[in-house]
Each structure stands twice: as structure tokens, then as C-alpha cells.
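One chain, subunit A, appears in both complexes that follow, with subunit B as partner in the first and subunit C in the second.
Up next, the complex of A and B:
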């Protein structure tokens, strides 16, 4: 019993700031700034959320809520069906498409603020980083787990060293390099060159700084060491005999890798993917330095609470809740994988 | 696996790391020897070691250095002891374990800047703790340059403790039951058990968590930036100081910033090289 009490107190310590923020975000400003905090019985409102995300002041928030809840529900149902099916991926893709369409239609129905673009930036950067980082990390992890030459050991150790270096050692040269490339693009005319046959819509001028691309590149790079170590330790658990049997039957190594190894690696891919997602979604310094206007959500929320912003306390709270909600949902869905991944990464060193 | 196949599999990843980590690091070292201003990025001029002498005679650098060392020395042991204690508690409860785990892991999962912001809100005007303070001491609570350091430490422990907890918890799951039973038959109490059975079993994990958290706290940026902004520069850690001198609007000195980054890297390598050497030996012995 004392055990449960202690743990309970620690849990409250852990989540108290979030609970406080959630209730701040649904209050009126006068209740928040009252001399005595109004802890219950206050009037609730979604004004702060509306002010943060939407441009118009008289939008009915119930409609917005119903839209989001509806899209989420359809996606959840599709996902659950996919889980029951033997071939789940068409259903998962369907769920993804539903969410994508919902996000794409949203600004056409309601007028949105810049913050909506930052949300889109966050999602695009996170998804692209995950896709690139996981695919090149997966093959490299496999190679490193199965090769016994010295060069494998050297790559692993150098990567481990990189993993420990501070961000500032990378962000400043990235910034310098990106400026340098942009200057070259501009002065050589490549950036504004009208490519025959390929006409990029929405792009007037190619550049690197202040784009999502530079964020994705930077995040993929700094995430690579972690990814290859993680995948390597998972591949070491997969017995060699598995692919050797397939290769005896005439498959090439690449075919064996695709048909035999990948299917048993899904838990590892999900666990590593979760960490990559957290890294990309949470990144602050890279975005702040490399993308002065193409923000993602963490930078947006910090600059909002700075001195010169006219945003109120309740809006900042609403922003904090909105940015936290997506990851909390993903983590709850995959909690088992996350805990297992943390354990696996650690226990094997 | 043959050498050719190995390179076929690893070349994309190695290319990314070479191009986007090795080359930038070399650039950092090179730029550290140059005068380079943010508003005039096209003309780096070679000035030798002057950036380094500038830094080492800058009192703000030494403030940041001392504060960072103090910060690491306080936060790392506290969060590890706390993490181990919570892991031991979690190991004993069965009912409600996943609920406790989910709640305790939250600070670790949320965006670091958001974690600091919501924590800061408790102490700001209209916050719960600021109000309690007012009630108890009859004195309005304000974040000042003298107490912001304490707040940063408390919040850092709050944010990183879950990592130690979950790692130690995973380690405890692999502890063979018969060891504890044997100790119980010998009549060992909790503390003797901890000292003679549990800690030796967790030894490598303690090292691992210690190393990771020393490095993470040494290079902390996001949280400290949220607490201090540009106001409480006394509480800036090395990373915040580094980014500030390099990118501050209009006076950003990129050359000096790069020299500072080189110093930070050297600082980390001092801790890291023995460890890297050991892992290299392990890797080699695994292979033969």
C-alpha cells in the first residue's frame, strides 16, 4: 500500500504540469488570472483553440471538433479492421489516406492561421525523416549485423561517437553550407533556371535554407547513428539460418532480405520509427537556426510565448495541448513497442 | 557476408554520415580559425587562434562552463538514484503497473520545449505553485535570475528521470529469480540485497545510463532556452551560450561560435574516448 501511495505521488508529479495546462487551455482569461485560482466550477470554452488555429472569430468549434473526431474515428476503424486481417496494409493505407484528405480539406472549409501551415510542416518533416532514415538505416543495420570485417566495427564506433556530439557542432556548418549553396544557386542561375519539360508548381526559386528539405536532411543525418545501432542489435537476434535457408533454395541475398527478414523485423521497425518520430517532431534548435520562417510546431509555440507576442496565456496553453496530443495518441497506440525498444536498446548496450 | 555485399547494404547510410556529419565537423574546425560574421557570410578571414583566446578570456564563457559542470554534477546522480528507486517500486507492483508507467513516461515523451513551457507555467503568474507560494509565504513568486537555476535543475530531473527508470526496469526484468531467493534464504535485508545482488546485476546499465545522461545534460539546449530566453544569461549553459554568440541578431559571430563548438566537442571526447575504445575492443573480440 505505501508503494502505491508513493507511486501515485510520483505520477502526479509527472503529469501535474500537463493537467494544469489542459485546464488552463479551456478557461477564460479572467479565471486564469484571478487572484484565487478557480479550480472547479469555471466556465469552459474553446476560444483559445480557435484563436490559435483559426482565423475567424465566430466559427462554431463543435463543428470543427466533429470534423476531427469523425476523421479520427474512420481512420481508427480502418486501422482496427486492418489489424484483424491477414493482409493489413491496404487497410492501414486507407486510414492514412482518410487522415490525409481530412487535413487537406480542413483549410478549405475553415479559414486557418499560419499555425496550421506549421502543423503541416511538422507532419511533412516528421514523415519524410522517418521514411528516409528508417529505410537507409534498415539496410545498413542488416549489413553491420552480418559482416565480420574490421570496417564494420570502425563504422559502428565512429557512429557511436557522432551520437554523443552536441547539436551546435552540426547546426552552424549546416547553416553556413546551406547559405553557400543558396548563393551558388542564385549566382549561377541554376536556382531560377526554367527546366524544360519539368515545371515545378509552387516553386519559383530553388533554395535550401528555410525549406523543409534542409530540415529533413539534417534530421536524417543526426538520427543515422542511433538508427543503425538500434537495427543492428535487433538483427543480431534474428538467426542467420533463416536467410541462409532461403538462399539455399535459390533466392539471392536481397530477395532473402526482403521476403524472409523484413517480415520478422516489424516490431523493430516500429520501435525505431517511434524514436525517429519523436526526434523529428520535437526538434527545436535545427528549425530555429535553419528555417527562419518555415517553422515547425515547437518553434512556433516558443516564439508565441516570448515577450513581443500578443498571444494570451490561454492560447499558449491551447497550443501546448494541441502539439502534445498527436504524439500522446501515437505513443498510447504503440506503448508496448516503445517500452520494449527502450529496454532492448539499453540492455544490449 | 562478403565485403561487396556489405558495402552494397551500408553505402547509403555511410554516405549520409560522411557527407552530413564528417564534412560539417571538418567545416566547424576550419571555420573556428576564421573571423566570420552572420551579416557577412561571404568573407571568412583567417585569424588563427584568436577566436579561442577570445573565448577563454570571456567571463561569460567561464560562467557558462562552471554552471554546466555544476548542472551535470547535480542532475545526473539525482535522476539516476530516483530512476532506480522508481524502477524498484515498479518491479514490485503488479496491479496498475502499465498505468503508472504511462504516467511516469509522459515527461520523457513530450516535446522538450513544451515540457519546459508547461512546467514554467506552474511558476508563472496564475500558476498553481506561484499561487501556493503566495498563500504560504504571503509573497508573490517571481522567476528571477537567482532562482531560475533551481527551477532548471528540478525540471531537468523531471524530464530525464523516466529514461533511467525504464532502462533500470528493463534490467530488473532480466534478474534471475533464484538469486533473490538465495539471498532471502540467507536472511538478507533490502539494503544488502540491493548492494550485493541488484546493483552488481545492473552494473553495465548504470554505466550506460550515466554516460548517456552526462552527455545529454552537458549538451542540453531546448529546456534551458525556454527557461532563460535572452533574459537570464547567467543561467545559460554552454550550448545556449554557443548558439547565442553565433546567431544573435546582427552581432552573430559564426567563427567564434564554431570555435566554441570545437571546444564543446573536445570536452565530450575527453569523457567519451575511453568508452569508445572499450566498445571498439568489444567489437573486435566479437568478430574473431
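Up next, the complex of A and C:
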């Protein structure tokens, strides 16, 4: 009982700021700014969400919510049916219907609203950072778990050292590094060189600063020590006999890694991937410094709270809630993988 | 299936540790050879060199006429069963067994057929769709066996495959493995630290200690004619009793000899000494005397025994096993250490002696008893080299 009380208090303590944000996002500005906090019985509105996602468009936001909820419900029902039938098609149909309606309903907003650029930036940066960090981390973690030499220990300790440094220590070096490369690209003419036969779309001038690329590179670099350590500790739990058995069965080292080790590592990949996703998706400092205009969503939100004006405070809250929801959903979907045991049944147990 | 030849195989690790030294062995086609030794004696290293999981520092490995030193494990056509089974947890039993065939690009229909056949032999047919985590220890063991036999390799390697099973299952699997091996007739190299497994399963048994091969022989010969004191003590349970003793020619004209064992004396008939001519050279010198627990009898039970082939003792510990009773007592003589690192520390360098008496014995702790010694089954070893004095 005391345990439950303690956990309950801790739970409320952690959720309270988020609840406050949710509340702020559906209030009118006058209630938000009231000297006495209005905690109950206020008039609700979806204006903030409309302002952030739809610009000045005159769409009823509650209708949009209802539409999203309805689509989600259809997808969920079809997903359950598919699971029950052990067939994929109802699930794919559900996803298709939702996507189709979304495409039909949203292009207008898509073209007129900046926020969607930031959303795309966020998605691209997050996905690329995850892909690159996980690939490098998997291979490096595997190598460092199986190889126990001095140089391996040195690499691990250096990685740990970099991990221990505050992230703000890296921002300026990256910034100056990128600036230096851009200067070189410009002065040497490489950046503006017209390659014969290749016409890069959307790019007239090669540069590093203020691109998604520099964000991905920087985030991969700061995140790499973490993924390597994480994967290494997971690999240490995978018995060496597993890959040896695969090699005796006729697999090359690479085949043993791909067909036997990687499948065992899925929970680890999902867990590490989630942490990497959170890091990239939530990053503020690096984006603010390295990409003055190519923002991702967190910076976009902060731009709403900036300055003297507090007119857009509800819009910032609405944005915060909107960009947090996908993360919450992903975590709920995958949380069982975060705790799932590794390699159960591989060896005696 | 093929003859396997190990020629002076040596493994020296990068830190200079020499795990296996000049190991030479030949396995005949279809033979079940067990390599047995105490922990850390290099037996697993030897196995892993054959598998290709450890690089061979020196020496040659032949399977058939193929020299395999520099061949990758996957191309050696050798199957291995690991101590912890090493089943692939994400695959079903059928996929586990079929994995080696899949890697060899065997067609799906043929693969299924062979997997089913192997599962039938191993009594796994009902579990083909289960995951390893759902199986019991014995079943996992059989899946590991199935994965090894399904592709009919030239050589089976087994690394202590029974050590993770409980005692009862181990006895059953011992018989099962031997049966499967005979059925498929595959040359098998089996590593264990358990001398009971070695004796019961092997066509021949190789005893190894500190990376050095001690003796290779059939289980019977190993037991009856150990090459040195280590093998003598290692094979057989409980271990052979080893003491420092002196052999003397007795004064009477019969030619009998006497053994001074501490403050006691045993008479050895002349023909026993005559059967081992080499013993002549050791007369009046200290030697290592060995006798097995099963060659001792309770004089109160077996009364027909020459009086001068008996020892006096006071019972320290009594273990009734039902069919027989183990009795421990102290002989006032210098014990000899066989060099088995797994032996209990308190057993070293004491005059502790174990006897295996018939169940009818009435000896209780503290009793003063007489013990019959079967002098025809005495073993003599050189005091320095511990080598058997036989010829």
C-alpha cells in the first residue's frame, strides 16, 4: 500500500506539467493569462491547434479531431480483425483508407503552412539519425563485445568520455567546423561547381550549415557512444556459442550475424532505436545553432513562446501536445520490447 | 564419415599459455572417441581447434585425406553440439534443425523431408512448431543433436552436451546419444569431464591433463591398466587409493614379497610380483601403491582371506548407497596426490582410504575393522614419474 501511494504521488508529479500543457492548449488566452489560474470550468477551444496546424484556415478543429479519431478507430478495428484472422490485408486496407483520406483532405494546408516543413525536417532528421546510428552502433557494438583487446577498451573508454561531456560543449566546434567546410566549398568553387550530366534538384549551392545533413551528422556523432555502449552490453548477453553454432552449421560470419544474431537482437534494436529517436526528435540546441532556418519542431515551438508577446502561448502548448503524441503512441506500442527478455531459450534457462 | 587424424596439434594462446601440447590421435571411421580430463585441461580447446573455432598453432588436422588447418568452420563438414545447446531462439524446432540444410540451399521439399526424418529418430515430431524456449532441457538437447545429424556430417563434435541436464535425464540421454551415434555411424569426438560418461559411451577413451595426452584405450583397459597414477585415480569412482609404500623380498624361501604400508604390512604372493618383472628394480625402494575401493572387502563379511593380506582400520565415515556401502578410514601412511585439480583439497596428502563394501557390512563409524586387500589387483607406480610399473 505505501508502495502504491508513493508511485501514485510520483506519477502525478511527473504527469502534472504535461497535463498543464494539455489544459493550456485548449483554453482561451484570457484564461491562460488570468492572475488566478483557471483550473476548472473554463471554456474550451481548438483555436490553438487550428492556428498551429491549419494557419488561418477556417476549418472546424473539433471536426479534424473527430476525423483523426475515427480513422484511428477504423484502423484499430481492421488491425484487430487482421490479427484475429492472421492475415495482413485488413490491416493494409485500414492503413490505406486512412492515408487516402489524409491525402485528399490535407494538400491545401500542406502547401500553405510552414509548420509542415518543420514536421518534414523533424521526420527526415529523426529517421536518418536512427538509421545511421543504429547501423554503426550494431556493427561497432558487436565487434567491441566479441573483441577484447587493448584498442577495444580504449575505444570504449573514449566513447564513454565523449558521452560524459555536456552536449553544449560540442555545438560550437561543430558550428565552426561546418562553417569552415562551407567556406572551403565556396572559395574552392566546389560548392557552386556545375557537375556535368548531374543536375541536383533543389540544390544550387552545396553547403553544410543550415541543412538537414549537418543536423544528422551532428546528432549521429553525439549519439554514437550511447548506441555503441548499449548494443555492446546487449551483445555481451548473446552467447558466443550462438554464432559459433551458425558457423558450424555452414554460415559465414556475416550470415551468422544476419540470420542468427540480428533476429535475437530485435528487442535491443527497438529499445536503442527508441532512445535515439527521442534524442533526435527532441533536440533543440543543435538545431538552433547549426540550422538557423531549417528548424525542426522543437525549435518551431520555442519560436512561438519567444519575445515579449504571450499571445501565442496556447499555440505553443498545442504544438507541444501535437508533437508529443506520436512519441507517446510509439512508446506505448513498443514498450513491451523495452522490457522483453533477450535470447530466451537460446541456452539453458 | 571418415577417419580423423590429429597430428601433434598444439595451441598456444597469445598470452603464451599452452593449452594443448602435441595432441596426436586417430579416430577410426564411425568410432566414438571420448576425450576426458579435469577442468581446464585443454580438452575443449582441442575440440574447438578441430571445429575451426580456434586457430591451430602447430600440427595438422586431417579428416579423410583433407588437411583442415586453414579451412573455415563452415567448409569443414563438421557438426557440433554445444554445452548450452546454442539453439536459435527465434526459430522453431523445424527451422533450427533445417538451418544447416537451408544454408546449403537444399530445396524446401527435401529439407522438410529430412527434418521430419531426423525428428522421428529424435522423437521430436510433436514439437516441430515449438520454439526452443517452450522445450525442456532434454528436448533442447535433442534438437541440438538433430541440427547436427540432419546434414550427415563427416564428424560430430560434442562439447559436454549433458552437463546442463539433471542427473536422471543425463543417464537416459547418455544411452540415447550413444544409440543415435551408432544408428548414423558418424565418427564422433566427445569431450567431457565426467569419467562415467567417458567410460559408458566411448569406444575408446582418451585421458588428457594439462594439455598433455595421458592414455588412449578402451574403457576396460583404461580401468585395468592405467598408464600412470593420474589416469588410475581419475578413472573409476570413488578414486583409486594411492600411497607411498615399500616393496621388500621376505626372508622365507617362498619368494613372496612384503609391502610396508605405513605401520602395516601386506604380503604379496610371488606370482603377482613375477607378473611384473619391472618391479624387481624397485625392490626396497619407495613406490606408489594403488588399490581400488572395490578391491577391498570387509573381513567380517568375507572371512575366507589370508590373514597377511589384511589391513587394520578405524571407520571414519560410512555412506550407505543401498547396493553397496562406502566406508572411509585413515591408513597411517603417506598418501599420494594424483594431480587431479578437481580433487577435493581435504583429500590431498592424507592417508584417507575409501573402500567399497558389500551392503551386508556392519561397520559403523568408530568401529575397528579388518579389511581384505585383493593383492592381485594392486597397482604400482614410479614415485617420481608416476608411470605405471607394468612390464
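Criterion: the second predicted complex is superposed on the first by the 259 of 349 C-alpha atoms of A that agree within 3 Å, B and C clash if a C-alpha of one lies under 4 Å from a C-alpha of the other, contacts with A are read in each partner's own complex, and residues count from 1 in each chain.
Please note the rule applied: a residue touches a chain if its C-beta (ideal position, glycine included) is under 8 Å from a C-beta of that chain, and two chains touch if they have at least 3 such contacts.
It should be emphasised that the depicted structure is a prediction, and the values quoted were computed from it without experimental measurement.
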Field: Partner contacting more residues of subunit A (subunit B vs subunit C)
entry: B
Task: Considering only the touch criterion stated at the top, classify A:325 as touching first (subunit B), second (subunit C), both, or neither.
output: neither
- prompt: Regarding the shared-chain residue A:150, is it in contact with subunit B (first), subunit C (second), both, or neither?
  reply: first
Query: So, A:80: does it touch subunit B (first), subunit C (second), both, or neither?
result: neither
Message: Looking at A:97, would you say it contacts subunit B, subunit C, both, or neither? Reply first, second, both or neither.
response: neither
Message: For A:289 in the superposed arrangement: first (subunit B), second (subunit C), both or neither?
response: first
Field: Overlap of subunit C and subunit B interfaces on subunit A (superposed complexes)
entry: 343-344, 346-347, 349
- prompt: Which part of subunit C faces subunit A closely enough to touch in the complex?
  reply: 51-53, 72-74, 78-80, 82-90, 99-100, 103-104, 131-135, 137, 140, 147, 151, 157, 164
- request: Using the touch definition up top, name the residues of subunit A that touch subunit C in the complex.
  value: 239, 241-242, 244-252, 255, 260, 263-264, 343-349
- request: Sort out for me which residues of subunit A touch subunit B in the complex.
  value: 3-4, 6-7, 10-11, 13-18, 20-21, 24, 32-34, 36-37, 136-137, 139-140, 142-144, 146-153, 155-162, 164-177, 179-180, 183, 217-218, 220-222, 224-225, 227-228, 253, 278, 281-282, 284-285, 289, 297-298, 301-302, 305-307, 313, 316-317, 320, 323-324, 327-328, 331-332, 335, 338-339, 342-344, 346-347, 349
In the complex, subunit B residues that touch subunit A: 1, 3, 5-10, 12-14, 16-17, 19-21, 23-25, 27-28, 31, 36, 41-42, 86, 89-90, 92-93, 96, 98, 100-107, 109-115, 117-119, 121-122, 124-128, 131, 158, 162-163, 166-167, 169-171, 173-174, 204-205, 208-209, 215, 218-219, 221-222, 225-226, 229, 239, 242-243, 246-247, 254, 257-258, 260-262, 264-265, 268-269, 272, 276, 279-280, 283-284, 287
